[in-house]
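Data first, discussion second: the structure below is written as structure tokens.
A, B, C and D are the chain letters, set down in written order, and residue numbers restart from 1 in every chain.
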Amino acid sequence: MAGCDAAATAAAVRQMAETIEQHHTELTHLDREIGDGDHGANLVRGFRAVVEKLDADEPGTPGAVLKLVATTLISTVGGASGPLFGTAFLRAATKVGDAETLDAATVSDALSAAAEGVVARGKAAVGDKTMIDAFEPAVQAAQSAAEEGSVADVLEAAAAAAEQAASETAPLEARKGRASYLGERSVGHVDPGAQSTAYLLRSLATSASGAG
Amino acid sequence: MAGCDAAATAAAVRQMAETIEQHHTELTHLDREIGDGDHGANLVRGFRAVVEKLDADEPGTPGAVLKLVATTLISTVGGASGPLFGTAFLRAATKVGDAETLDAATVSDALSAAAEGVVARGKAAVGDKTMIDAFEPAVQAAQSAAEEGSVADVLEAAAAAAEQAASETAPLEARKGRASYLGERSVGHVDPGAQSTAYLLRSLATSASGAG
Amino acid sequence: MSVGLVVVSHSAQVAEGVVELASQMAPSVRLVAAGGDGSGGVGTSFDLISAALDEADTGDGVAILYDLGSALLTTEMALEMADPDVAERRVIVEAPVVEGAIAAAVAAEGGGGLSAVVAAAREAGGDA
Amino acid sequence: MSVGLVVVSHSAQVAEGVVELASQMAPSVRLVAAGGDGSGGVGTSFDLISAALDEADTGDGVAILYDLGSALLTTEMALEMADPDVAERRVIVEAPVVEGAIAAAVAAEGGGGLSAVVAAAREAGGDA
């Protein structure tokens, strides 16, 4: 995207919504294995509501777009991922403030703030088999990339790290969220929230690289 | 009652049902103070069902009548007093066996068995502010009276003791049943189940004295 | 088959809602609600509970969750009146009714035996 | 007035049933159900919870009971988004949802303040 302005941010959000539509069956399937089988449906409901709001009235800054995403997800998702992703977008929105466009450092900082928000909300640590297991490595990778890369580089690094990390949640035993009810039986399945985090970051990277 | 046979037992049970109809508003009122306000309605429902069954097919022994009362109360009362009074009548039925008529000793023993059944079911001790506070003194009084008295004497003694004891539940703090949720606030109110126990025994005494 | 579950509550809505919640995490477990007095009111029903116990029993045992003391009394009564061979594999669990039922259902879904299911319910504190 | 209560559950039936049960022992307490995702499904709703918190709040405080971890997350979110002056007198209680709600309701009915109501819920084990 040519300068990460409000329009580009909104376009990236629409792309995230599209990604969720594509993957919701798989996400629901993952959640059926170690949860209540609604993660895909939850996110579809949330992102459809986001797109409706963007269609109705697209905000004028990247931060305002992110805030709209946050409040909409919080009100519509209906599962743990609602307040978690909601808090992530809310912290990211606060971090970018009323900047007209976002540079690589800001995007990386926003990602960090988002991950911190998820930790503050859900109290999960790396290794608990949650979306944090995808978020944290993504933040690390983004920070390194931000030192000399573009926004696209930052998001590409984040997405690649999250994808890798999401797949690595399979051998973990869940210690937070519903999957923790399963104890050892949660081993052998990828965490749905880690996987959706990876998809969302991949979608952002695709948007940023201009291909989306 | 002229020889406590099946017909006299059934008549006494109908008299109990009548007593409950007369006092149900008061019992409900007591239960509203320290419970959920349904004790009167619970017993009315139970004893109406009992009378219906007696009307349909009156059993041929006192024990069978008591057993019918037990199973009907158990199935219809819907509150703690259902399994408690149900167990009481069931134990009494077992104690009297298939005797054709009941004498004073048997009535007293049946009362003891009933009280033991309530203790076994509800695990309450004297002083916990439950129906046991009326039952236990009634049993003591009945046992003394049975040494040389008639069935009517036994039941009169039991009723008088229960009435006295029920009123003395007021200063107690509830330690069993719903009223125990109230802690200290249960002090100052008569226990509904102790009061209904007193009414039921009074009704039996009245029947036995031939006035019922 | 797996261990079955009966949820006894004074409220039909609570019992049915708990079954709804637990079934999401345990779609193949036999979960049976026994709530209310059987005629639309608040209370417990000996007959409803007895029927629910039979319905939940696959032969592998039944864990029973209840809400309040008087539900416990009625449930104990129902166990006592049942065939002792059958009653033996039906266990009343001292656990929070919602949290315990979900934990028990998940344990049963995973193939846990009666004692494992009971233990899961007992340990449930609702901090997941 | 007295302390109000909000029951947050993933199931509308559970939340409403708990309110029904608790109101029997606490007819004058403001008890508000916030169950389900707000559109008939299982889940929690930020909007429902936020509205319930306002409805239960008489000014004397609100004790909040919840069923599962994700209900806690949504409820915390709702508290954070509310006016801090108001949020301060709204307390999420770690207690079994059914047993805790009944104990809390009884304490509130008896005129207990917010901390007494919260303590009553916490101590609730359902052995009455």
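In this section, contacts are C-beta pairs under 8 Å (C-beta built on N, C-alpha and C of every residue); 3 or more make two chains touch, one makes a residue touch a chain.
Fair warning: this is a prediction, and the values are worked out from it, not measured in the lab.
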Query raised in the report: Using C-alpha centroids, which chain lies at the maximum separation from subunit A?
Result: B
**Report entry** Which of B-D and B-C has more C-beta contact pairs
**Finding:** B-C
Query raised in the report: Where the CA atoms of subunit A average out and where those of subunit D average out, how many Å apart are those spots?
Result: 31
Report task. Indicate the whole-number Å distance between the mean C-alpha point of subunit B and the mean C-alpha point of subunit D. Result -> 39
Query raised in the report: Cα centroid separation between subunit A and subunit B, in whole Å?
Result: 65
**Report entry** Where subunit B touches two or more other chains, by residue
**Finding:** 36, 38, 176-178
Query - In subunit D, residues with contacts to at least two other chains - result: 24, 42, 68-69, 102, 128
Query raised in the report: When you draw the chains as points and link the ones that touch, which shape shows up: line, ring, star, complete, or other?
Result: other
Report summary line: Per the touch criterion, the pairs are A-C, A-D, B-C, B-D, C-D
**Report entry** Residue ranges of subunit A in contact with subunit D within the complex
**Finding:** 36, 38, 42, 74-75, 78-80, 82-84, 86-87, 121-122, 176-178
Query raised in the report: Which residues of subunit C touch subunit B in the complex?
Result: 37-38, 41-47, 68-70, 73-74, 76-77, 81
**Report entry** Residues on subunit D engaged by subunit C in the complex (per definition of touch)
**Finding:** 9-18, 20-21, 24, 35, 42, 67-69, 94, 96-99, 102, 126-128
Report summary line: subunit C residues touching subunit A in their complex are 24-25, 102-103, 106, 110, 128
Requested in this report: Sort out for me which residues of subunit A touch subunit C in the complex.
Outcome: 35-38, 176-178, 180-182, 185
